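Chain nomenclature is as follows: A, B and C, assigned in order of appearance, with residue numbering initiated at 1 for each chain independently.
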Amino acid sequence: MQSTFFTDFLYLTDIKTILFIVVLFALFFVMKQMEKKKVKFSTRMLSATGIGLVLGLLIQVVGGFPDAPLEVPFIAEINKWYGLFANGFMDLLKMLVIPLIFVSIMRVIINMKQGENLGKLTARTLGLLVGTTAIAAMIGLVVGNLFQLGVNSHLVAGEATIREVSSLVDTLRGLLPSNPISAMADGNVVAVVIFAAFLGLATKRQTKKYYDIVKPFIDLVEAFYKIILSVAMTIIKWMPYAVIALLANTIAGRGMAALGEAIDFILVTYIGVALMFVVHLILIALSGLNPFRYVKNVLDALVLAFTSRSSLGTLPVSIEKLTDNVGLDNGTATFVGSLGSNAGMNGCAGIYPALVAITVANMTGTPIDMTFIIMLVIVIALASFGIAGLPGSATMAISVVLSGMGMGEYFPLIAGIIAIDPILDMGRTMLNVNGTLTTAVLVGKSFNKIDQDVYYGRKQVVTEE
Amino acid sequence: MQSTFFTDFLYLTDIKTILFIVVLFALFFVMKQMEKKKVKFSTRMLSATGIGLVLGLLIQVVGGFPDAPLEVPFIAEINKWYGLFANGFMDLLKMLVIPLIFVSIMRVIINMKQGENLGKLTARTLGLLVGTTAIAAMIGLVVGNLFQLGVNSHLVAGEATIREVSSLVDTLRGLLPSNPISAMADGNVVAVVIFAAFLGLATKRQTKKYYDIVKPFIDLVEAFYKIILSVAMTIIKWMPYAVIALLANTIAGRGMAALGEAIDFILVTYIGVALMFVVHLILIALSGLNPFRYVKNVLDALVLAFTSRSSLGTLPVSIEKLTDNVGLDNGTATFVGSLGSNAGMNGCAGIYPALVAITVANMTGTPIDMTFIIMLVIVIALASFGIAGLPGSATMAISVVLSGMGMGEYFPLIAGIIAIDPILDMGRTMLNVNGTLTTAVLVGKSFNKIDQDVYYGRKQVVTEE
Amino acid sequence: MQSTFFTDFLYLTDIKTILFIVVLFALFFVMKQMEKKKVKFSTRMLSATGIGLVLGLLIQVVGGFPDAPLEVPFIAEINKWYGLFANGFMDLLKMLVIPLIFVSIMRVIINMKQGENLGKLTARTLGLLVGTTAIAAMIGLVVGNLFQLGVNSHLVAGEATIREVSSLVDTLRGLLPSNPISAMADGNVVAVVIFAAFLGLATKRQTKKYYDIVKPFIDLVEAFYKIILSVAMTIIKWMPYAVIALLANTIAGRGMAALGEAIDFILVTYIGVALMFVVHLILIALSGLNPFRYVKNVLDALVLAFTSRSSLGTLPVSIEKLTDNVGLDNGTATFVGSLGSNAGMNGCAGIYPALVAITVANMTGTPIDMTFIIMLVIVIALASFGIAGLPGSATMAISVVLSGMGMGEYFPLIAGIIAIDPILDMGRTMLNVNGTLTTAVLVGKSFNKIDQDVYYGRKQVVTEE
C-alpha cells in the first residue's frame, strides 16, 4: 500500500492514532511542568524513560500484542508520528557531530601545552578501547557458556545474507580523508578527526613563528567552538521529551512472540551487559575515582544511548557530560569520544559477537575448547578495531567474527536473534557508550586532566546555552 | 546516435546551426550596446524577453514547425549551444544559493534587535505562503470549471508513471539537517536555513557574555556576506544576455502540434496565473503600498523566473530586488525567500494541481460537487507544505493531489499536458516567485521593516558589485 | 573468494607475504637513516625509485613471473599491504588538493597587483596547454608511423566497452560550480577554481571601499593558506617512503606475458615521451632559463608523478616545487597547476591517443594520409580541452579520439594495450605533469614572475613545515 502525504492524514481518522498522539503531547506537557518546577535534569531523564516504557507497552496492549506490530496500521502510524519527535531530535544531535568534532579536535591540539603528546593520547585511548572489548568478549564467553545459549535452541533458522565485509586494509584506507569535504558530507568521523589533527598540528607549529598570521584562524576556531557548544546545549535541553518517544517506539514496534522465542538470548545479553558495566565501574574505582559518582555524572548520556540506540548521536551529550560533570577537559573528551564511537565498541563488537559465536557453536555442535576460546577473543579484539566506522556495526561484527571463526555459513541460524535486534541494541549501545566514557575517564585520569572538584560536584563547570 | 565531443563540431557544418549561433552573438552585442548606453536594467530585461521570444519562433520557422523540434538535428544542436549560456548562467546563480542563504540567515538572526521574534517571522511567512496557495487553488477551481477543462478533451492518454511520494512525516524529517555539510552539498535549502538559524541564535546568545570570543565569527559572517553579495551582483549583471538564450530555447523546443492540442489548458492556466497575480497586487495594495510600484520594483526577478523556470535560481535576484528596490532588510528578504522557494508555491502547488484535478474530473466524469471542492482546497493547501523542498515540484504536486483525491490511477490521462509542461512552467514559476515576493512584502510591512523611501524610489540602496 | 578482515591475517601465514612486508619495513628504515644523515631529498627520491623497481622485480622473481600476478595469492596480499602505504600516502596528498586550490586561488586574486590580469593569465595558460598537447600529438604520429605500430600486430583483440562520452557542451557545463559545496565534495577542481575566482575577485573589489569589513575574510584566507601549506610540507616529507611501495606495486602487479606482447607499444610510447620531454626542455631553454636546472628543480614532482600515476595527487608537490625551487609565486603556480591537471594533458590526451590511432589505423588498413594526420591533430587538440576534469582521462581520450576519427568500432582491438596500461600510465602521467610544470614556467617567465635567484639556487625560499 502506497503511503502518501494524504494517507498520513486519512489514517488519523483511526481514533487510536489520534489518541496516542494526544497522549504524547500530554506527556510532553507533564515534562514541561517538571522542567518549570526545576526538577533535576537526570530525574527528568529517568522519568522520561519510565514513561516511554509504559507508553510503549500501552500501545502493545491496545494493539492486542500483535506478532508484527509495525504491520498493524494504527501502530505503524503512531510509530511514524512518534518517530518525527524521536528521530527528529536525533537528527539535530547528529547535525552537531561533524562540526563539533572538527572544531574540537583542532582546538585541543592547538591548545596542547608543551610536553603533551598526541601520540600517547591516541595510544592509550585505542589500547583501553581494545582492551575493554577483549574483556567484554571474555564475559560474553563465560555467560554464554554458563547459560548454555543455543543448546536447546528455539530460534528458527531463516534467511539472512552476510554483508560483504571489506578487508582490514581497505577499511583502514577508507578512514583516510582523501577528500575532507566529502568525508564531512559522508559523516566519516575518523577521517574528519585525522584532517582536523593535521590542521591543528600545522597551526600549532606555525604559531611559534607566524603567530600574527595564523591568529585569525585560531580565533575563529575558538569562536565557532563556543557557538557550536551553545547549539549543543540548546538541543540537549530537549532530550527528556525525545526519550519518551524514542523508547515508546522501540517497545511498541517489537512482536511479543519474537521476544518470547529469544527470551534466553535477551536475558543472557543483559546479564553480560550488567557484568561488563560492573567491570567498567571497577576500572573507574581502580583509577581512584568514586564509581557511583561516575554513574551519576554520566547518567544522562547512558539513558540517551539506551533509548536512542545511536552511539554517534549520543556523542555530543557524552562530551558535554564529560566536560561539565566529570571535569575532563573538552579536548580530551572529544578526542576519546570520537575514537570510541568508531573503535572498540564493548557492546556491539565485544559481548554481542561472543554470545552469538557461543550460540552458533552450541546449535551446530562445534566443540568450545581452549583453542576456540583463545581464537575467539583474539578475533573479536582485532575485529573491534577493523570494523571501525562502518554502519550497522553489530551485525557487521558478528558477520566478521563468524567468518573469522570459520562459521560463516551458519549465519542464517541466527535470524531469530536479528528479529529482536533493537531490544538487544539498547543494552549494547549503552555499553558501547559506557566503554567510551570509562576510557575517557581513565585516559583523563592518567594524564591528570580531571578536575576532581567538578567530578565530586564541589564546583560547577556548566557549558552555557 | 551517440553524441560525442566531436559530433558537436561536425554538426556545426550544418549552416543553420552556425547561423543561429552567430545570430545569438550578434544579439549579445546589441545587448552590450544597450548596456553601454546606460539603458535601464529593467528595459534591457524586457527587450531580452522580446528578442528571445522572436528568436525561438524564428528557429521554429526555419525548422518548419516540426512536431518534435528537439529531434530535428540542427534545432537540437542550437538548443545545446544556447543552453551553454542559458543554463551556464543559471548554474552560476545557483552556485550562490547555499552560501548566500547560509550567511544571510545567520546574519539576520545575529543582528536581530531586542524584541524581534524569529518564531513570529516564521509563522507569518508560512501562514501567508499557505494562505495564498489556498487562494490560488480556488482560482484554479473557478477558471477550470468556467472553461470546462477536459470536457471535450483533445488530450491523448499516454504513459506516465507516478513518482513515489514520500509521506509528510518523512518529508518533514528530510528537511532536518542531520549532517549540515551533506545538506549543503545536496542543496537542501530548508536544512541549511535551520542549521544557520541554530548557529545564528547561539551566536546571538553568546554575544552578551562572550562578545570578544565570538566576535571573529560575527566579523567573518559580515565579511563573507559582503563578498557573496558582490559576487551575486556581478552575475546578475549578465542576466539580460542569459534571458535571450533561456527563452529562445524554451520556445524553440516545443512542438506546435502538442501546443495546439493543449491550447485550452495553456490559455486557462495563464488566465488563472493572471488572476492570481491580480490577487497578489490587491494584497499589496491592502497593505498600504502601491502595487504598480511593486511590479516595477521586482520586475527583473519576475522576468528571470518566467524565462528560467527555476524558483531556486531566481532566489539571489529576488533577494537583491527586495533589498535594493523594495527597501526590505536583506535578512527578512533572505528568510522569506528561502522558505518561499520550498513551501507554498502559488503556481506549482496551487493553481496547477487544481486545474489538473478539474481536467481529470471532467475527463472521467467525476462529479465536481461541494465535497470535491472543499476537499481539493484542503488537500492542496496541505500538500503545498508537504512537498516542500522536493525537485520537480509541479509534477510531484499533481501526483500528490490526484492521489489525495483518490484519482491516482487517472494520472496517465494527463500525459498530453506534461508534454507542453515547459510552456506552463514559465507562468507557474513566475507566480511562485511572485507569491514569495508578495509574502516578503506583506511580512516586511507587518513588521514595519520596509523603507518606503526606497520602495518609492526616493532613495537608492544599491548593493555594490 | 571472499576476502574478509580475518583472511587478511590468515594469508600472512604465507611466509613470502610476511617476508616482503618485513623487507618493506627494513627499506623504510634504510630511508630513515638516509634522512637522518641529511641526504638530499632528491637523492632520496631517486634511491627510492631504484629500490621500488628492484623490489617489484624481486616479487615477480619469487612468484616465478606469473601471467596474472594479482591472481597469485601472496602477490595479491603483498600488493594490498604495500598499497596501504602507497595509496594511503596518495590519499593524504589528495586530501590537500581541494583546500589548497580553494584558498590559493582566492589568495592569488586578492593579492594581484594593479595592472595584472586574470584573463591574460588564463588565456596564456590554456593556450600553452593545448599547444603543447598538439605538439605531443604530432610526435606521437611521427614515432607511431616510424615504428609501424600495429602493422604486424601481436595484440589480441578482446572485449572492451567504450565509455559513454559526454558532449563538449555538457562537459563545459559540468565544470561550472552550480553548487560549490558539492563541487568540493566531488573533487571538481575546475569548479572550485571558478568559485574561488569569483570570491577572490569580489573580495578584491570590495577591498577598495569596505576594507574594514572584508579584512577578517582576507586574514582568514592568509592564515588558512599558511596552515594548509604547512600540512602539505609535513606530508611531502614522507614521499620517499611511499615511492618505494608505489613503484614496487606497479611493477609487481603486471604480467610479463602481457608486457611481452605489447613490448613494441611500450617502447614506442616511452620514445615518444622522451622526445616530448626534450621538446619541453627546448621550450624552457627558448624562454631563457636553463633546462637542466629546471629538471633538477622539479625532479621530485616528476618522480612522484611517475610512481604514483596521479596528476591530481602530484599537484601539491608540483606547487611546492614551483614555489620553493623554481621561484614562481605560489598563486600563479597553483593557478596553472590546477588548470593543467584538468586540461591539455600532454601524455594522456596528446601522445597516447595519437599512438593508439596509428596502431588502430595500421591494424585495420586505414590509410594514413594528410587528411588523417591533420584531422587527428585537430581532434586531439580539441579533445584535450573537452575531456577536462573527467576521471580515467587516458582511456577516455582514446575513446573520444577514435570516435572523432570515425574508428569507434575498432576500440576492442586495443584491449591488449589496456592490459598493460599502468606501465604506460607512468610515463604518460609524468609527461602530463611535466607539461603543466613547463607551462607554469613559461607563463611565469612571460609575466616576469620567476625569481631567478631561487631558480638558480642562489636563494632559498623554503616553505616551512
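Please note the rule applied: contacts are C-beta pairs under 8 Å (C-beta built on N, C-alpha and C of every residue); 3 or more make two chains touch, one makes a residue touch a chain.
In this text, all values refer to a predicted model and were calculated from it rather than measured experimentally.
Participant: Which other chains touch chain B while also touching chain C?
Facilitator: Common neighbours, chain B/chain C: A.
Participant: Determine whether chain A and chain B, two copies of the same sequence, contact each other through the same residue numbers or different ones, counting it as same when over half of the numbers at the interface appear on both sides.
Facilitator: Counting which numbers both chains contribute, under half are shared, so the two copies meet through different residues.
Participant: Using mean CA coordinates as chain centres, what's the gap between chain A and chain B in Å?
Facilitator: Inter-chain centre distance comes to 43 Å.
Participant: Show the residues in chain B shared as contacts by 2 or more other chains, in ascending order.
Facilitator: Chain B, residues with two or more chain partners: 181, 184-185, 216, 220.
Participant: Help me check something: in the complex, which residues belonging to chain A touch chain B?
Facilitator: Within the complex, chain A touches chain B at residues 2-9, 80-81, 83-84, 87-88, 90-92, 94-95, 97-99, 181, 184-187, 216, 219-220, 222-224, 226-228, 230-231, 234-235, 464-465.
Participant: Spell out the residues on chain C that touch chain B in their complex, using ranges where they run on.
Facilitator: So the residues of chain C in touch with chain B come to 164-169, 171-173, 176-182, 184-185, 195, 198-199, 201-203, 205-206, 209-210, 213-218, 220, 379, 382-383, 386-387, 400, 403-404, 408.
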